[in-house]
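Right after this note come the structures.
In what comes next, chain A is part of two complexes: it sits with chain B in the first one and with chain C in the second one.
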Partner chain A sequence: MKYIKFFILTLSILLLTGCWNYRELEDLLIVSALGIDSNEDGFDISVEVINDKMVGGGEQSSGSSSEETPIVVYSSKAKTIREAIDKIILESPKRLYLGHMNLLVISEDIAKKGINEFLDYFMRDTEIRKTFFTTVVKNAKASDVLKILQPIENITAVSIQSSLEIANVYYGEFSNQTLEEIVRCLFTTGRNPTIAATEVTGDVKKGSKNDNVSTTSPKTSIKVKGTTVFKGDKLVGYLNEKEAIYYAVVRDKIDTISLSFPCDKKDNYANIIIDGVKGKLKATVDKDEPKIAIDIAGNAAITEFNCKIDLKKPSNIKKIEEMANKEIVKQMKKTVKKVKELNSDIFGFEEQFYRNHYKYWKKKKDKWDELFKDIEVKVKSDIKIERISSSVETAKSR
Partner chain B sequence: MEKIDINAKKVIDKIKKQTYNSPDIIVKELKLNDTEIAIVFCESMANSITINDFILEFLQETKMNEVKISNIYQFLESNMPTHKVIKVNNYKDLYYTLLSGFTLIIINGSSDVISIETKAALDSGIADAKNEKVMKGPKDSFTENYQTNIGLIRKRIKSESLRLEEHVIGSKSNTKVGIVYMDGIASKKLVDQISKKIKNIDIDAVFDSNYVIETISGNKKKTFPIYLSTERPDFVSINLLDGRIAIIVENTPYVIIVPAVFNDFFLSSEDFYQKNLNVNFTRIVRLIALLITILLPAIYISVSTYNHEAIPTNLLINFATQRQGVPLPTVVEILMMMVVFEILKETDTRAPSAIGSSLSIVGTLVLGQAAVAAGIVSPITIIVVATTSISGLISYSIDVVNGIRWWRIIFIVLSSFAGLYGVLVAGLIFVINISSIKSFGIPYLTPFAPFFLKEQNNGVFLSNKRKFNVRSRLTAKKDIERQAK
Partner chain C sequence: MEETNDKISGFQLSVITHFLTGAIFVGFGIISMFSLAGRDLWISSIISFIVCIIPTMLLIYYLNYNPDQNLFQKNRSLFGKWIGTIVNIILSGYVLFMLVLVLWSSTGFAITMYLIKTPSYFIAGIFVLVAAYATTKGIETIGRTSEILAYLTIIILIINIISLGTQINLDFFKPVLINGITPPIRHSLHFTSYLFTPLIMIAVIPKKNIVQNKKYKRYLIAGIYVGHFIMALTFTLITGVISSEIASFYRFPAYYVQRKVSIGGAINNLENFLSLYWFFNTFLLITMAIYFLSKFFEDLFKIKSKKINSITTYGISIIAGYLSLNLFKNTVDSIEFAKKSFPVFISTTLLGLMIIINIAVFIKKRKKKA
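Showing the complex of A and B:
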């Protein structure tokens, strides 16, 4: 009797749950990326699945021909994303598995229409992770980008994803990489989202063949290209790589910046690496006028110096510091100006007022778009040069 | 009890009748001072050199010198040149001593029989420990000889407080069972309790210490043992000084130590002979191995059939590639390889050492190469099963290793029904089951559950203090400090 009770109890904890989802690995097609293109009626979906016969390490199972590509792209059209994915099953030999989707590629035209059209499915689906990367492709269809074969990293989605990750570390291209962050941004008062932008160079058709990876310089490639600026859920413009850095500085999402600036009047340049970059936003209200102060701080090391200045003198270092700070302020102002022209508050100026000057924000919230265009922004940069690296002399001083 | 007859002839006839004229029962009759005496011994158990050199020679000399003796029994008892003379006055003792290798001298007209110790050495002698190897530390191990085993312990603890209680159990085998403990450290209550239980054992024969412990522990349904079984005298001595009780059974080189908790099976006497820092590293490794051996196959089945989202993409792709073209479900594959490994382990243990090497070659080829090449199993399964099986051998105790084997299968089965959730459920059952065990009054998971702060010095880590200064408070009832102030 005791054993029957025990058996029934054990069985019930196993059977009375919702997790009944047995799938052997060989019955699944692992989806690495999903692309969305616009279509007159509904969505144009393309999924990139991993041909694991060609990818995994170790002994490759017999019967795989080297002619096969490491990835396969399936496409379909439907009114909803789920329906489109379900249609793909008719074509693919196995079930699609979305749990390891790493990348969502959005085409420019659907981004202009608004990403809210399709975001719900990705937020709601239980299988999909909420941490996949997102990118807007500038000059091609999303389905084409997924098809381009890349050398070094076999799977296109992983290749794009790691370029985005690396770009984020060194260029701070975009603060909103993952779906989670984009959604959070969309639900935040007073800040607009940005999504990384990518660009295709070369012929898309040729890029989808194995020939593209059997050469030392692939003719078709995918490049990370600055960041997009959204207003609400609609794409309104782009920032280039340099501007993206300063955007990241304001959002305090970047740690290291490499900065080149002129060090004399004769068009000679120097380069410094700034570590521990800190960007600080401060909102104040002065006579009913909103004001923003951006403070930038960090420690720098000289990495390249092409001017005829004696680095042994501390006073000269001070001068170089000034030059660098001047450059930063100049670039920052340029970026702010550009963003103001696009009229999308990606910096979160409004958020600062919403948090720190709530009454003022409540009074002005309907007219914020106009206020943003004319808001006064003060930029202060306080970069300290602490190291001059391995050489005291400069090459040009001789 | 049947008294011994006065007439020597009658006694000899009875012995012959009872033993059905067994050819190894030797009877030699002679006359001393006109009294008939008979020497009876069991040839297979007794040492004939001793009998010839001392007993027969002494009797011969006495006869030659024509010594006048008034009472032959008293004369022989006091003058026989031997260290151990026992007076036997009933048939039960007579058979016991005779069949233990004693030589009997039956004297006509006396109701007492003289029994002289002439045992032959019938054991394998003290050799290196075979199953509980250490890199550093004493190498000797227990033998089948009861007295030698006690000697090996006494050699280490030359103290008058080392107590030995002896019982003879088994109505046919008449096996000696000794309870050894330290007086003033061990709990006297537990000693009495065990002693009473051993006395009450009613069985015809005892061939191994396991017979004794299984009867007295009353722990038949649990998978894990509640006693330590060791062949190392130094390990027994360490535990005796901790207040534990050792049970030595005649004819078996395995001595039992009680009580024992789960943690004890992952310690080794070597831990006490090495530097602490290094010991603790080893202990962490053992802990990891324990987790691996229970969990690894279950987790692998879970992540490859239910919870694909729980592992990194690259690993999943790798798994998927390995699974290409494998016809069986993952769980069947794992269970199949487990069975193959168990078969290999079993045959390797039983097979004569001459065949052993060819067995392992075939085993490696079949397991490691051919199965994969034929596409029957995926390479990752081999890795999982191999790692699991190797990790499964961390405990020196075969009882624990086999106990873990059951749990591994329970984990595998539940994970094949419900993935990681099943692993969780199996984990719950495991914890409930193991925490319900008690070893002679001590909860099995001490010192972790219930948690004893002071006992943590020999919990996961061994502290220097525990090693040299204090005894375990769980088992030692008195005299906790080991160093004199």
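Showing the complex of A and C:
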């Protein structure tokens, strides 16, 4: 018995050292981003992989030359995403690993055809995390975007991801839609998805060379440019940066927004930072007519004031609040109008009726597109100015 | 055969009961409940609290009959040697089926989420052999194992509740009862069937093998309802955090929702650790099922030798492991089975058998009194 136990223990040492899925890090190519373009026969897939010789530790390891780039982009064509990825293995020296993918770049043409064509792979594959960001590139191919070298941040995917996050946190633009959020919109009744839009400025070919990052003013860059609007799974239009902010307010997805508004009739402007922005959407039915109320609230601090108004007077603060609220209502109405023109319910007005007035929704669900165009939307803003920052006077007050 | 390691505490009984209640949900119950009940699942699970009273009472009533005998001895004393043996064979058939089913789902879960390239026979083999080893060591070892797993479960639950509880979106629960109360009532029966069917295995532990056995019933009821509460909580968290629409999309929504667990925004990617809870459930069911079947053979063939008993245990494990590899042709078949056939062909027939057994118990008790 002793010998049998000893044998089993020895065998365990051998068997429990690893498993069939054992993969050495050095045998993997870490995919940081994946781009999808369409072609007549299926998909054009591009993967941006991290060149570990150039990235990591900040120093180039031995054997690397200064001509090498921190990222390498591989491309292939196939009928399915999986097949295209498999084909890349024939070209790449190592196996592709998608577990750390940060970004999915979708070209405008494939977004117009419908994102349901390729989403399944990303949802089904167990290796891929569902929390990566997505973006639709407006004026270039997805493969081109991945090739553009960015200053400051070596890896293009990380650079774009950071831009999307920062655009959300500091600028208030709602851009960081993850795959999971997109899928939820597609699967849930009454709300259409949005995906961050990006734009390439400059020459794509020049942007893929090291010269683009060895200058103080890169000739080619990628910029976050508002939000796309989808109807179902198809791209139908765009919201610009400002409209994207108000969309985010309605969805209650942002905490801070920066607002510039006219503070007198002489074309002078003030700026406030609104913290703790709360957007509330309420659906009501009045005489069989659907109505939507958008309430916005938050506390603000004056960050810049270029008008000749005495900020020490409480009545003036009240006036500034009114000006700010007026501007917010104006911008919100403009955004709602634009979205209505695009005829895509990205705000989730229908979802509000579905969740809170189910019987009414059931009665009207087939006519929702017409109802959406004519739905009455009331906007109310209640921003309170709490702080005037470090100055009690304005530069123009003297 | 006299056993030396045959005592478990009331707490251990409670823990084993709780683990058994969750086992069928792994890979089968959760996905089929979501596809059946959708966002009203939380209502079904609340109704199931009431529905559960009936099988709980049946089980307790049965366990109270000759409490110091195990299930096989009870049945023989109730129905006589031949019919009693036939009843025991039928009940063992149910247990074998549940063992094979849970082995299949655990193997599938491990292959899909963790070990894509590992052969299924290797995973199933590891599961059954460890469970068989625990079984050969007696119910005391099973009890102690479950106790250790219980403490880990508490940690996992606390992390899940604190992290996911704050991510609940109440809108995901609306609209409520769009098709009326009848579907949630119907689905509560499904819920109860997944939850309660494995509990027949508890009857293999005679009351005399439980320390502090005066509070035996309390521990058993606590185990059932703690298990019930955890499953109801699981469904509520899944619906509230990712919505029932997304949950229906995935085969393992409980694993998927655990990807969202984050401790203080700094510690993330805990899903592999947190999903161990589901393996605890299936492991305990596998262990208890092997224990049940080894006791059945011990009782049937009057096995006295410890060595032969061990060989039987390993034999059962290997056969179950082999059967589990060929149980279903594919995943779709298994989900369809869980949704349609399990509650009807397994749970309902087992409930029917339990009712018959309890009627026999009732008649026997009346005769004794007379």
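Note that in this section the second predicted complex is superposed on the first by the 372 of 398 C-alpha atoms of A that agree within 3 Å, B and C clash if a C-alpha of one lies under 4 Å from a C-alpha of the other, contacts with A are read in each partner's own complex, and residues count from 1 in each chain.
The rule is short, and it goes like this: a contact is a pair of C-beta atoms (placed from the backbone, for glycine too) under 8 Å apart; a residue touches a chain by one contact, two chains touch by 3 or more.
Note that this is a predicted model, so its numbers are computed, not measured.
Asks: With the two complexes superposed on chain A, say which partner A:Y121 touches: chain B (first), chain C (second), both, or neither.
Replies: Neither: A:Y121 stays clear of chain B and chain C.
Asks: So, does A:K130 touch the first partner chain B, the second partner chain C, both, or neither?
Replies: In the superposed model, A:K130 contacts chain C only, not chain B.
Asks: According to the stated criteria, A:D52 is in contact with first (chain B), second (chain C), both, or neither; which is it?
Replies: Touch partner of A:D52: chain B, not chain C.
Asks: Could you tell me if A:E24 is touching chain B, chain C, both of them or neither one (first, second, both, neither)?
Replies: first
Asks: Thinking of the overlay built on chain A, is A:Y360 touched by chain B (first), by chain C (second), by both, or by neither?
Replies: Touch status of A:Y360: no partner.
Asks: Classify the contacts of A:S32 with the two partner chains as first (chain B alone), second (chain C alone), both, or neither.
Replies: Once the two structures are laid over each other on A, A:S32 reaches chain B alone.
Asks: Identify the partner contact of A:F261: answer first if only chain B is touched, second if only chain C is, both if each is, neither if none is.
Replies: neither
Asks: Identify the overlap between the chain B-contacting and the chain C-contacting residues of chain A.
Replies: Touching chain B in the first complex and chain C in the second, residues 19-21, 129 of chain A appear in both lists.
Asks: Within the complex, which stretch of chain A touches chain C?
Replies: For chain A paired with chain C, touching residues are 19-21, 123, 126, 129-131, 180, 183-184, 187-188, 354-356, 358.
Asks: If we count contacts the way the header does, which residues on chain C are in touch with chain A in the complex?
Replies: Residues 112-119, 122, 171, 174-175, 178, 242-243, 245-246, 249, 256, 259.
Asks: Help me check something: in the complex, which residues belonging to chain B touch chain A?
Replies: 304-306, 308-309, 313-314, 316-326, 329-330, 372, 375, 379, 414, 417-419, 421-422, 425, 429
Asks: Okay, in this complex, where on chain A does chain B touch?
Replies: Within the complex, chain A contacts chain B at residues 10, 13-14, 17, 19-26, 28, 30, 32, 50, 52-53, 55-63, 97, 99-100, 102, 127, 129, 158.
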